[in-house]
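Look at the two complexes coming up: chain A is in both, with chain B in one and chain C in the other.
Entry: the complex of A and B
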């Protein structure tokens, strides 16, 4: 039964796990470094990715968040998770900055050469004015207090203040930077963001049939929407907020009513 | 070994750079050994058995991006923002391309053989530019010889004594 303490990782996939559970991994044949692995079962596997909600421990993986255990099969799935990936699909509203995440921040202050952004975490993130594409000391970016900025975390750990940048490693903006005028910003839970960002998300596909609009999803739970009229914008906002608690049937009914109007 | 104060100071001075030249190799070796001994006696260590490093095949990751293959966060539909729509195609196909890792070479407009042939003659052509005039004439004469062997060489213009 789930929550009994130790169980095999593969058996627990798709079930609820609680903090403190230990997931046992199948023994690796090449544990003993001196013996050369021969034979088909000792084919070298890539590294196993231990995702959010899990930690390494002596016996296997230790669960640190409650939620559903997810697994991705090894091989072909991605460069980083060549050996497969395990993570806990948990629900929370409070965001904790993670390096590499792309989020929407609100500029709250300008302290010298650095902007202070509110990203919904415990600390405000800092964003240097040189971290924009084509920014130099003479050519400063046009960022005012109260603007919305889409950027990614360069530094984010529990010991340091989070730092953001609005360009990728090659210096290109690739969509990051100040988000334009108008539009509407609202907050949802982190789980919904991940559901919306999943490839082939039904909600997004259905909404895209309604009318032209623009959408920015930040991993910190913030969504920015802009459509041609205020009414259309508010309709999309209401649907996205309600999506969390609607079943797909209810959602399709609601959308059918809308497109009928 | 403990030294008296005076010998201690003198011994300490021997470590300075300017004293190193005067020392002979034996004294230097002695100094080094003593230094090592001091360090090893003061060096603290834990009297525990060595832990074997194991399980380097699990990577801990705090972000959801590599686990779930999330799409790019900016989206635009029905042509509301054409730049973003272009970016969407670019970013989402980039993440897929990384998985497939296409590594076939781009088709070359000019094949390798053609390049080699072209360069063979190119080196000669450019090289001729930098020859001195005399060498250029020699080259030209050689070419003419090759092409038309039977053509007689023009007599070199020499001083003709005027006939009375």
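Entry: the complex of A and C
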């Protein structure tokens, strides 16, 4: 399947795909009116979601990033991906702002009514001082240059500079805002962040049994950790950084050694 | 690109950690990171890794006319480049302050200390001398570029071999590597730089600062020394006031570190020499380790496949041999026909097969494939049917197999292909067998 680059989408799930590969989707039921499909071989109803790393093209889906192809089965009851979703799991360290992502930004400047934040992308993001919960023209948030802010992207495309807000659509903070003074910030790859954000992540569960700590994960690869002492914070930082290359047995051994001390 | 700014909480945390004597990677204050030296296939090419800081060094030589005021000496040229690969803040065209400072330091350390005998590089006095050019490229910036660069430079120079030259009167013959073995450069001693980072006006001192520590330090002291405890270069930057006994203490630490590093360099050079002599494989491909990313790796589930083989064997021994294939089509109704009755159900007990479905896919497919292989040896004519059968049952999402009696089919207005008909007939057959067994 390496040569031509055209293959059926279902066949390629779980395999490595390269940019330029074309994935052919099964024919839609409308095209074949005489045949009523029965049973599990039915073509998926609803919209097929084309996730990161893929683009629609005439023949089907065009791969734009190299990685493993993943597929989610058609779920029940008409969500956004009622017809199933395809995406590419790729590994990268450089972040590209995406609308809706929650990231950790570093304040670099105050320019009048907006703060300029560095989020690791090609442009600095802007954050209005009114975009915090309970902020008014008189009641400004206490944000200094060099502070860490956890917010989400309101606008993020390649034509405009990204805009961030620290509240959700109803005006509530829901965990976003200025991150406290202590603690430590470090950077990991984007793939590790997605793995840590997965529900019921083993790493986080095992770490929480070690010491109590506060953790903020930004989709731009930045992690903020705070534990009681400097030593504990450093241990958590080192374990999270090492999780990239450790298998789960090695991680369990390392944690067992630490909790034994 | 712009350099990522340092946030206040990082700065505060790092200074607090330094005050408590803790470093980010768990080192002690006077500990160096791991130094790894690997050589490339060419002579004079090496990569030095100091923790995650990586520097590539390459030495090359050329015959040139000498400098007018130094007619009998060869020329040494050092060039350190900060590639944008190393850190986002480095841009290729810009001549930054850091770059100038590093280049000057390397030159002072290696040229002014006369570690290379330049007189030996002279071929014809006043006309031809060897110009030795050392190119250093920073591949990754994780702090302490100067130490890694100085180690890379001296290692590359020791590793390098220049072509042999003979002078007969007016004639100069440069031998190619095939004609005569290339000659090593004559190196008197190996100077190595050691960096010290100072915090809080000289109160706290860290050896070999990492990139984060470099961002928050007050000042930097670099001492270049060789293993004979001779100081080649000493430079203090950052404007900190240093007391005499601090500097003396640093020089004592340097002596210890340089001895260790020089030993490491000697060992690396010897290893490489040995490998080349024995004809073994050498080069970067052998020495740089692979790092596998486990972020997307799915851990293999622990599947108990102990019983599966036994069960599979049982089933096969109890199975009836498959019946013969009927070639003539049987017409049930207009528009539907059946070829053959499908193979007999070799899954003795359907409940047993459902239990097997609870076992992981691997176990099932193993049993299926092993069964398939055995079926092949038994009856080659029914190979395709044997492969079809296990799949029919496992793919079905329905708990119960739908009974499709042949008479009912024409009610559903559709045309069936023969394979579909065979499937339904198999299902019918299985259901009939189940009913038969239930009736017993």
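For this structure, a couple of remarks:
In this section, the second predicted complex is superposed on the first by the 241 of 261 C-alpha atoms of A that agree within 3 Å, B and C clash if a C-alpha of one lies under 4 Å from a C-alpha of the other, contacts with A are read in each partner's own complex, and residues count from 1 in each chain.
Criterion: contacts are C-beta pairs under 8 Å (C-beta built on N, C-alpha and C of every residue); 3 or more make two chains touch, one makes a residue touch a chain.
Note that the structure is predicted; figures quoted are calculated from it, not measured.
Superposition of the two structures on chain A leaves chain B and chain C fitting side by side, clash-free. By the touch criterion stated above, A:48 is placed in contact with chain B alone, chain C being left untouched.
Of the two partner chains placed by superposition, only chain C is touched by A:189; chain B is not. Of the two partner chains placed by the overlay, only chain B lies in contact with A:198; chain C stays clear of it. Shared-chain residue A:212: touches chain B; no touch with chain C. Seen from the Cα centre of chain A, chain B and chain C lie 170° apart once the structures are superposed, a value rounded to the nearest 10.
Shared-chain residue A:13: touches no atom of chain B or chain C. By the touch criterion stated above, A:98 is placed in contact with chain B alone, chain C being left untouched.
Look at A:258: by the touch rule set out above, it reaches neither chain B nor chain C. Of the two partner chains placed around the shared chain by superposition, chain B is the only one that A:174 touches, whereas chain C remains out of contact. Put simply, the nearest alpha carbons of chain B and chain C end up 13 Å apart when the two models share chain A.
When the two complexes are superposed on chain A, the residues of chain A that touch both chain B and chain C are 194.
Residues of chain A that touch chain C in their complex: 34-36, 39-40, 67-68, 89, 91, 106, 108, 118, 120, 122, 144, 146-148, 179-185, 189, 191-192, 194-195, 224, 230-231, 233-234, 237-238, 243-248. Residues of chain C touching chain A in their complex: 1-2, 4-13, 16-17, 20, 22, 24-26, 291-297, 299, 395-397, 412, 414-415. On the side of chain B, the complex with chain A involves touching residues 54-81, 84, 87, 91, 98-99, 101. Remark: chain A residues 28, 31, 45, 47-52, 54-56, 61, 70, 72, 76-81, 83, 85, 87, 98-102, 150, 174-175, 194, 197-199, 204, 207-208, 211-219, 226-228 touch chain B in the complex.
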